[in-house]
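Labels A, B, C, D and E are assigned to the chains in the order they are written; within every chain, residues are numbered from 1.
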Amino acid sequence: MSLEARLSLRRPGFLLDAALSLPERGVTTVFGPSGSGKTTLLRCLAGLERPAGELALGGEYWQRDGYFLPAHRRRVGMVFQDGRLFPHLTVRGNLRFAMRRAGCEEAAMDAPVALMGIERLLARRPDTLSGGEVQRVAVARALLSQPRLLLLDEPLAAVDARRKQEILPFLERLTRELALPVVHVSHSLDEVIRLADRLVLMDEGRVVASGGVTEMFSRLDLPLAQREDVGAVLEAHAPRPLPGYHLTEATVAGQKLLLPGESAEPGERLRVRIRARDVSLTLKPPSETSILNVLPGRITEVVERPDAPGQRLVRVAVGDAALLSWVSRLSAERLALAPGQAVYAQVKAVALA
Amino acid sequence: MSLEARLSLRRPGFLLDAALSLPERGVTTVFGPSGSGKTTLLRCLAGLERPAGELALGGEYWQRDGYFLPAHRRRVGMVFQDGRLFPHLTVRGNLRFAMRRAGCEEAAMDAPVALMGIERLLARRPDTLSGGEVQRVAVARALLSQPRLLLLDEPLAAVDARRKQEILPFLERLTRELALPVVHVSHSLDEVIRLADRLVLMDEGRVVASGGVTEMFSRLDLPLAQREDVGAVLEAHAPRPLPGYHLTEATVAGQKLLLPGESAEPGERLRVRIRARDVSLTLKPPSETSILNVLPGRITEVVERPDAPGQRLVRVAVGDAALLSWVSRLSAERLALAPGQAVYAQVKAVALA
Amino acid sequence: MTDPDLAALWVTLKLATVTTIVLLVLGTPLAWWLAHTRNRLRPLAEALTALPLVLPPTVLGFYLLITLGANGPVGQLLNALGAQPLAFTFAGLVVGSVIYSLPFVVQPLRDAFAAVGHGPLEAAASLGAGPWDRFFTVAVPLARRGFVTAITLGFAHTVGEFGVVLMIGGNIPGETQVLSIAIYDHVEVLEYGRAHLLSGGLLLFSLILLTVVYATNRRSRVVGS
Amino acid sequence: MTDPDLAALWVTLKLATVTTIVLLVLGTPLAWWLAHTRNRLRPLAEALTALPLVLPPTVLGFYLLITLGANGPVGQLLNALGAQPLAFTFAGLVVGSVIYSLPFVVQPLRDAFAAVGHGPLEAAASLGAGPWDRFFTVAVPLARRGFVTAITLGFAHTVGEFGVVLMIGGNIPGETQVLSIAIYDHVEVLEYGRAHLLSGGLLLFSLILLTVVYATNRRSRVVGS
Amino acid sequence: PKGIAGEVRVAVASNFLGAVHQLVPVFEARSGDTVTVSAGSTGKLYAQISQGAPFDVFLAADARRPRLLEEQGLALPDSRFTYARGQLALWRGGGALPARPWDALVEPGVRFVSIANPRTAPYGEAARQALEAAGLWDRVRGRLVMGENIAQTYQYVATGNAQVGLVALAQVHDAPPESRWLVPQRLYAPIDQQAVRLTAADAGARFLSFLRGAEARRMIAAFGYGLPGGDS
């Protein structure tokens, strides 16, 4: 059920003009500054706006020429930026509203409720919930609507970090298991790394760039490279847990790497984000260090960060992949870092969580 | 104008019972899981709830015994979690509403408007704004009300990272310049590090711990130490810019440290956060590395992270301060890390942004 | 209470109930349309719904009589269709009361629907609720306060209604004589004692009914399903 | 239009205007209180405001006459204060119309205030706006729709008001004879032509006025200051 | 009881409703017919009858409306007759009338004088004629309040809002004699209240002939109405 969209919508002072093509499963994160049209795009996909253009899910047209499939027939599960719980229903009533229309059993409620930690809130009125509680109920409600397309508009912005750590792996698992496209808006790179397969960068109503997460994060020409938390996102293969140490050995870019945790099942694919700030470079292999991962590689590119002139972003080819390292200009000069040079990239295992 | 509060408020299934004592200036961040009572606490301070207890700002009682100073006479600037712009006024009307009552000149609007990037929105209705735009207008409105106490409830949760990077330094500067207490709720450690002088940890309506940011972050017994982004927060003295390299040399824990950027003015105090994940330990001083900062120290404590059993949090005394380093158990065993041992802590300068 | 008074009470309750139901059935879609349409003629339509108010009820009744009576256009139409004319029948009363009380039902409902806004309806649509579904399960419960006001005003106004009913009903005991006319007649023939009794009873009854309605309305309408 | 008809038109407009203003002045605080109080007697108070509706206007007028009359409690009170009795005066008409139209003003306003909720008022308080300030600059503009409905219903109902006015006004030309009575009289004496003229004029005038009101109301009320 | 018992639907001018309430049981007992009574103002009833209201008999408060109905063919020809003649009384609500009763209208302290609306109510027209004949019209004009019908005119005085009024004798025949004064018939044209048959129903005919009969006339007179051709 791939999603193909070519939509444009004019508003006073704002024009959305976006083309999207999403695979039939996996998470696409829409990333962009405030006011760039992310919410508007999601509303168009949900059928809450009537843009010009075409939209099809899995080859079935939702919108084309004169035809427009109304929102309630699209079966999108949408988490609105502002929650939008029904104020006249309790939390349980809100969840049931979704379940009834999706033909869910009552018991289906239990899992999302437990995950979102909203058991205690089931009998409560929405207007007595805290900001984070509202968002968690809204996520549970959208999940219970058995959607064919899941739209999440900053679903966890008001949720505390600890709870987020609990919810993210679940969403991660869920979105991998569900055979449906998920479009997700977030300002948090954490969420992107955990969830996203693809990234759509928006600005002023237009899609500036889009592509797989790994590719997008290794590009130095995108606004992403300007972020403090820029980094490479790599696939890890053939994980092998190291019991007792809570570490997992996996093959990344043709090299063995130690990753924290041992949740991975053999044969599974993992994604590792290696932030540029976590990667230091040495010319000699280091010794007697707490740093577990030392990868030999070769510098392919050194760029200046325009907004942080004292720093260099260095791209290091390791096997068939690329790592990014962010070093001070002082270090770059001291070590005379330049394309073609052989270096050792050291990465702490704990930084790979 | 220090703030002293001892407040308790009962709600069905929830009891707020908090004592606070905040210095007359500086930012206090309230940190805690969703539903722990952060918003409720702020509402009590603003006079929007009528809790039992006492509350005084700068020795002037706002609430005691039968006395209760109504919200509109307290001159608190509050940014609500949900924005709460007046829907019948334009953005400009919303700002003017605050300014008129604070006796501000029309021109006072310009600076916050420019900072929040809302010039284009002045004539717009709130219901046409995006989520982040609403929050930015709400922050500008609160600032324009010339408050004696500033209450910020997740003011930047829906604001994108780039904009946040612009707003944070301003808020930082502002809150240092203003002789008023600021209470700030956030789930983002970034915001805490940038803004907070003090930290109040809440859970289930109670203050679990509170204290200066440096102290709070070096304690291994608090929930903070369980976070992935735990780290030490240290004061840096006598900064000296290294022109050309966009680096600043400063004295941290009695040692010279290189920090990115050269914004600091000589004599200024800076705060540096050194995340445990950014600190690696070696037994010998490293050479030919891109890591600029290598600090000799001595291990004082090694604790297991209960929720991440493969990892160790190591506290290293460096001069009169303490650094935290987060290493895998494998490394800890290989290097036989134990209290009393002399180690070199290496920290990348870029990681200190 | 005498028999005719009892009959009048019965006719009144029946009339008020039927009228309120008809008003809800007609007024709800009209109010919904007024709240949501972007048609340029909306202000005119809104003004038209308020118009029955500005004519004195007797005069309105007079025009209805002319229209609905045996010689009026509607009367002749009904006649051609083989139906009875509406004047001097209970059905005629209902028509008259509905027209006269329409503004009291439509305007509060329109305000209530407008206040609900699009947000909850969009949320319901995204959860798979079709137009009717979200109307009944979201818009109506959220406009509850407007419905209570509309029903209260519509019902009470019909109970106290007088001129229209007198004019097109013909004050026929047991059929079109309502309580308000019965009280009026008692006052006319100086039977003040009976008038006081009926008025007092009506007031007390209404007071209790309305208090119960408002007290119930006050209780939280939040439900779990 | 003849002179007495013109005079009646003038009295009508004056009465409707004054009544609407008085209703707003009295009804707004009452509606505000009803929307916000947690007093246990609130349902009773709400029922009381709706009560004038259930009595037929003429009967209500009759009881007002008794109350306001020289022997009635209000009449005696006014007398003791050295004031003139209210019956058959313009002031008396205003009193009667205010009582009769009260529900049409209070109930929409109460709903509108309740719909505004606490959020915007709390925001205003935190920005330093005192109770009056936030009432006038936040609650009233946000309850605008309710005010339009209240004013429309109150004004129109007073224009069409009949029984009460007839009863306590005494039909004094130029003073208490309003248009509705004038039309009624024309109908009574079979001057249908004149009745049609007056009714048609009144309807047209009201239609235009109401259309303008609703069209204006439609335009965004968002202001920049 | 003679003939087949039927049903009579009587439309009656409000001012005569009280009398009808007393007449009907007597008639019903005698004829076996049943009567339903609908009251209203004469103008209203006329408009309703023109639109086909289901009445058999119309007891109007004047002669004009029955005559119009007859002319329009809506009433049976030759069924029209005067069933009662209204008598005007000067009444002071709160006490005795002065020696010269008309003075009650112009005494100090009289703020309002209540009459029925001369345009709509026959008693109002009669009151105007009487006041003009007494030479008082211009003096009391500024103090007149007008009831829409004779019942309201009475209520204005009864509630003390008007001090004196010209009402129907039928309304005040139970009041203390010193508080009322029968205005001489010669000062105003007779208030002939006429009845007319609207349908061919036999019961209607029976009701009207009962109304013409001696017993009914006695009861009508006792109610305070005059009768044509009889003593008042």
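What we mean here is this: a residue touches a chain if its C-beta (ideal position, glycine included) is under 8 Å from a C-beta of that chain, and two chains touch if they have at least 3 such contacts.
Predicted model only: the values in this text are computed from it and were never measured.
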Original post:
What chains do chain A and chain E have as common neighbours?
Top reply: C
**OP:** May I ask you to list the chain groups that still touch, directly or through other chains, once chain B is left out?
**Re:** one piece
**OP:** With centres defined as the mean of C-alpha atoms, identify the chain lying farthest from chain B.
**Re:** E
**OP:** Return the distance between the CA-based centres of chain A and chain D, expressed in whole Å.
**Re:** 60
Original post:
How many angstrom lie between the CA centroids of chain D and chain E, rounded to a whole number?
Top reply: 36
Original post:
Measuring from the mean C-alpha position of chain C to the mean C-alpha position of chain D, what distance in angstrom results?
Top reply: 20
Subject >> Junction residues of chain B - those touching two or more other chains >> reply: 82
Subject >> Residues of chain C engaged with two or more neighbouring chains >> reply: 58, 62, 187
**OP:** List, in ascending order, every residue of chain E touching at least 2 other chains.
**Re:** 44, 47, 155
Original post:
Between which chains does touch occur?
Top reply: A-B, A-C, B-D, C-D, C-E, D-E
Original post:
For chain D, which residues are in contact with chain E within the complex?
Top reply: 62, 65-66, 68-72, 75, 84-85, 87-88, 166-168, 170-172, 181, 184-185, 187-190
**OP:** In the complex, go through chain A and note every residue touching chain B.
**Re:** 11-13, 32-35, 38-39, 81-82, 120, 128-133, 136, 153-154, 157-165, 187, 189, 223, 226-228, 242, 245-247, 258, 260-262, 276-278, 280-284, 286-292, 308-311, 325-332, 335, 337, 346, 348-351, 353
Subject >> chain E residues touching chain D - in the complex, by the definition given at the top >> reply: 41-44, 46-47, 68, 94, 111-112, 114, 117, 119-120, 144-148, 152, 155-156, 159-162
**OP:** Report the residues of chain C in contact with chain D in the complex, numbered from low to high.
**Re:** 42-44, 46-48, 50-51, 53-60, 62-63, 103-104, 107-108, 110-112, 114-115, 145-146, 149, 152-153, 156-157, 159-163, 180-181, 183-184, 187, 195, 199, 202-203, 206-207, 209-215, 217-218
**OP:** Can you check the complex and tell me which residues of chain A touch chain C?
**Re:** 46-48, 70-73, 75-78, 80, 82, 84-90, 92-93, 96-98, 101-102, 123, 125, 141-142, 145
